[in-house]
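Shared between the two complexes below is chain A, which pairs with chain B and chain C, respectively.
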Partner chain A sequence: MGVIETRNVTYTYPGAAKPSIVDVSLNIEKGEFTLITGPSGCGKTTICRCFNGLIPHFYQGEMKGETIVAGLNVSEHPIYELAKHVGLVFQNPENQLFALSVEKDVAFGLENLGVPREEMRKRVDWALNLTEMYDLRERAPSELSGGQQQRVAIASVLAMQPEVVILDEPTSFLDPLSAKKIFEVIRDLNRKLGITVVLVEHRLDLTARYADHIIVMDEGKVALDGDPHEILRSEEARLIGIGIPKATRLYQILKKDGLKLGNTIPLSSEEMASMLTEALKDG
Partner chain B sequence: MIVVKDVHFTYPNGIEALKGISLTVQNGEFVAIMGQNGAGKTTLVKQFNGLLKPTKGTVLVDDVGTTKVSVATLARNVGFVFQNPDHQLFSESVEEEIAFALRNFGFKETVTKKRVTWALNLLGLTQYRKTSPFMLSGGERKRVALASILAWNPRILILDEPTIGQDYQQKEKLRQFILQMRTQRKTVIIVTHDVEFVAECNPRVLLMRDGQIIADGEATETLTDTEVLTKASIVPPQIAQIFLHLPNMKLPKNVIDVYEAREILLKTLERKSK
Partner chain C sequence: MSVFSGLKFRKVSSPIHNLDPRVKFVYVCAIFVVAILFSEMLPLVILFLIQIPFVLLASVEREWLRSMRGAAFLATIIFLTNIGAAFFRDGYVLTAPSVESAVAMTLRFMVLVESFSVFFLTTSPDHLGLALEQTRVPYEFVFAFTTAVRFVPVLAEEAQTIMDAQKARGLELERGNFLKRIRNYIPILIPLIIGAIRRSLELAEAMESRAWGATKKRTNLYVLKMQRGDFVLIAITFGILVIAIYARLFVRIPTVNELLRSLP
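Moving on to the complex of A and B:
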């Protein structure tokens, strides 16, 4: 059984005319880096709220089906208990930060878990260094820029070192180089500590290369689910309108032109460049 | 036309966000402002609609200094869509949100209705007409914020991070819309980190770092200049990255478009096979 499993989950927000997610069944294995993507309003954020119990505990509404995370049925366990296993970085960092200093925000979750002081200090500093926020640790989060707030939100989840980290467009306010660095930090934690990562993103140009598993949602349903190379190769993915990385797009166009290129579809510019280098050599 | 002359700006907390900016944006131009977090991009565009006034130097919008007129007067001509839609939205329904400014500007109720319908349709929000903006997804709220500004048809449009939370199709619609604005001689200025979007739109690009403009030119030039991009904390678009990685075979380095890349590569391979 995966670390996250949903069985036929359908959920309707209070007052909404129709469900935001419909009959979603998916399975995410421990240690995987999973990318969830799909058109705006397709239910990506809603499914993430199921993974940490915000649905059904915080958002009322009507839920059918089951979500099992780290062996716990989220309907039967309160949010604070789930929080030991699952950390969620929200789309909008302002919804997450509230303490008077960056440091206190990052320490908050650890205090709640009753982590000893020494250990807490160590983990807070570690998370602040990873996200390059250590020098700003005494500033008030409300005074920071959107990008800096996103770093704090990420740090406060990483400090908890949960088994599963869910990130909902976590770097949208960051400049491209900073975003790339953050994704690399997350990738390293995924590889070295075996933390399961679920990332919600539209920008596959930046993120497809990190994924072991891609789930494409469309109109509240799981439309595609599988290996990144297979998914990005598929005609369905293009039709749903997900942003195929430009390197992948160029590969597809050149293949259609009859160019001899390798069969593994590239997900990054480096992969595409080395394929083209081969082709240009052989010519 | 916007004319910025040696503008400096210091926030009340002493942070000097703009350090001598000079710049002219002609009517009908499409400009993308990019650069590091904290480089001063948002501070700069807030000068254009008078939300912030220069500490030193002048900003002229259509020949009038921004210190001489109120933000309300400027707003009629300069529409500003914030980075975070939650800083902007407050109404009970999407429809009310879009109608709000129109009523404030004194449009007749029949015109207001027409404009609201037009904006809802343009941004694919018609089905949410009666919905509370706060029930919508992040990407959808962003589009409501945009619709509420577009509805009053300002001559200069400033969009702070318009592509956040938008999927590929929404971005394509936005691109088409900006092109349409340009044909009407309207000015569009975007602040963005979305390199791929900029590569597809091919606007004039300004790169900022530490309160200054460090590059100003065509996207094909600025987005392929690795030295200046690194300074601005920008990663080149994927197509440019591919060409930067390719061995030196007299291939051009300033390519950002997929179809241009295809033509160059096919020609090169054809030449080689002869």
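Moving on to the complex of A and C:
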């Protein structure tokens, strides 16, 4: 059984005419880097809210099916208990920072949990160092750039030492360079700390290379679920309209035109470049 | 953005800024009480002057002068009312004692404004929140306070953006009579309020996700500890109170007129 498992989850927001997600069953293994993608309004954000109990505790509405995260049935445990296991980072960095200084914000979750001060200090410094925000720890959030604010938000989730970190389009308010920096921080969480990462993202160009597992959603359903190389080469993925990495598209076009290329599908421009060098050497 | 720049708080360090806000508050209250005890000019002048070293130590002279200037209008009214009342009472003559008492009343007001402005100019909202928390004010209130301070600059910026956007669509804010001008602001206010509500929902979501309300016994990253400076300020406060009460009970305070006359 995976660290996140949903069984036939269907959910309708209060007052909505039709369900936002329909019969979603998926399984995310411990230590995996999972990418969830799909067109706007496909239910990505809704599924994230199911993972940490915001649905059904914070949002009322009608939920069917079961979500089990870190062995806990989400419907039976309050959000604050789930928060120790699952951290959720939101889209807008500005609206998830409440304190008047960076370090106070990172400490917020720990303060709520009643962690003793010495332990808290240690964990706050650790999280700030990981996200390279230690030097700015006394700044006010309004003095930071969007990318820095989002790093603080990630640090504040990390300080609670969750097993799973979920990031819901963490870079949609950011410029490409800050986005790249955020993705590198996220990759390190997964590679170096072994944290299970679930990333909801449109920018597959920058993120597909890190993924072990891709879930494509469409109209509230899971459309495709599996290995990134397999999924991104598939015709269905292209038809749903997800942002297939340009390197992958180039590979497909060249292959169609009869160029002899290896069989592993490139997910990043670096992979594509080395593949082309190989091909040119042979040719 | 210059209109809103005064709302931003910057972290400053000075001997006065670093004092425990609770001790500072007790000091302000003591000054308040002493100012009420005396209606003579001389002690109020002294009281006014006592605060100036604090302003200088904290190096907030500019801000302090600004708040003094802000109080000047009310002070003028107080002065004129007092002197006017005395003028009619004494049968349409201005006497030296009545001028002195009007000055004293004005000074009393200035001392109150001065001490409060020193307190607020040198206490960060963060510190204030911490002090409230450690005096057992429920955390929900403290949180509401610090979050409000946190989001003032954000909302100010948003208001500016909305204003620019509406102006770009032809809204004229500065046009029409007084009532019309107020009505002009409706297209600014409605998006601002809706935006704030939406923002508050997102905030609530983020708070929930970070274990809000997990335990009644919340801990805190910072703790206020009394330091040497705090004890010095307590001593000063106590000294001022003792001297003031002694002077009130046992000393006849000379008027400024008498002092001037006794000069050789």
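In the analysis below, the second predicted complex is superposed on the first by the 274 of 283 C-alpha atoms of A that agree within 3 Å, B and C clash if a C-alpha of one lies under 4 Å from a C-alpha of the other, contacts with A are read in each partner's own complex, and residues count from 1 in each chain.
Throughout what follows, a contact is a pair of C-beta atoms (placed from the backbone, for glycine too) under 8 Å apart; a residue touches a chain by one contact, two chains touch by 3 or more.
Here the structure is a predicted model, which is why all the values come from computation and not from measurement.
**Q** Touching A:Asp218 in the superposition: chain B (first), chain C (second), both, neither?
**A** neither
**Q** Tell me the contact category for A:Ala279 with respect to chain B and chain C: first, second, both or neither.
**A** After superposing on A, A:Ala279 lies in contact with chain B but is clear of chain C.
**Q** According to the stated criteria, A:Glu94 is in contact with first (chain B), second (chain C), both, or neither; which is it?
**A** both
**Q** Given the touch rule stated above, what does A:Glu111 touch, chain B (first), chain C (second), both, or neither?
**A** Second partner only.
**Q** Taking the superposition as given, does A:Pro176 touch the first partner, chain B, the second, chain C, both, or neither?
**A** first
**Q** Using the touch definition from the top, say if A:Arg249 reaches chain B (first), chain C (second), both or neither.
**A** It touches chain B, and chain C stays clear.
**Q** Just checking: does A:Glu32 make contact with chain B only, chain C only, both, or neither of them? Give me first, second, both or neither.
**A** It touches nothing on chain B or chain C.
**Q** In the superposed arrangement, which partner chain does A:Ala16 touch: chain B (first), chain C (second), both, or neither?
**A** first
**Q** Contact-wise, after the overlay, does A:Glu201 reach chain B, chain C, both or neither (first, second, both, neither)?
**A** Neither partner.
**Q** Under the contact rule defined above, give the chain A residues that sit at the interface with chain B and also at the interface with chain C.
**A** Touching chain B in the first complex and chain C in the second, residues 92, 94 of chain A appear in both lists.
**Q** Residue numbers of chain A touching chain B in their complex, please.
**A** The touching residues are 13, 15-16, 38-41, 45, 91-92, 94, 145-148, 169, 172-180, 202-203, 205, 241-247, 249-250, 253-254, 257, 259, 268-270, 272-274, 276-277, 279-281, 283.
**Q** Which of the residues in chain C end up touching chain A in this complex?
**A** Where chain C meets chain A, its residues are 8-11, 124-126, 129, 143, 146-147, 149-150, 153-154, 199, 202-215, 217-223.
**Q** If we count contacts the way the header does, which residues on chain A are in touch with chain C in the complex?
**A** Listed in rising order, the residues are 52, 54, 57-58, 79-81, 83-84, 87-88, 90, 92, 94-101, 103-104, 107-117, 120-121, 124, 138, 140-142, 156-157, 160.
**Q** Quick one: in the complex, what on chain B touches chain A?
**A** Residue positions touching the partner: 34-38, 83-84, 86, 135-140, 143, 161, 164-171, 193-196, 199, 230, 232-235, 237-239, 241-242, 245-247, 249, 258-259, 261-262, 265-266, 268-269, 272-273.
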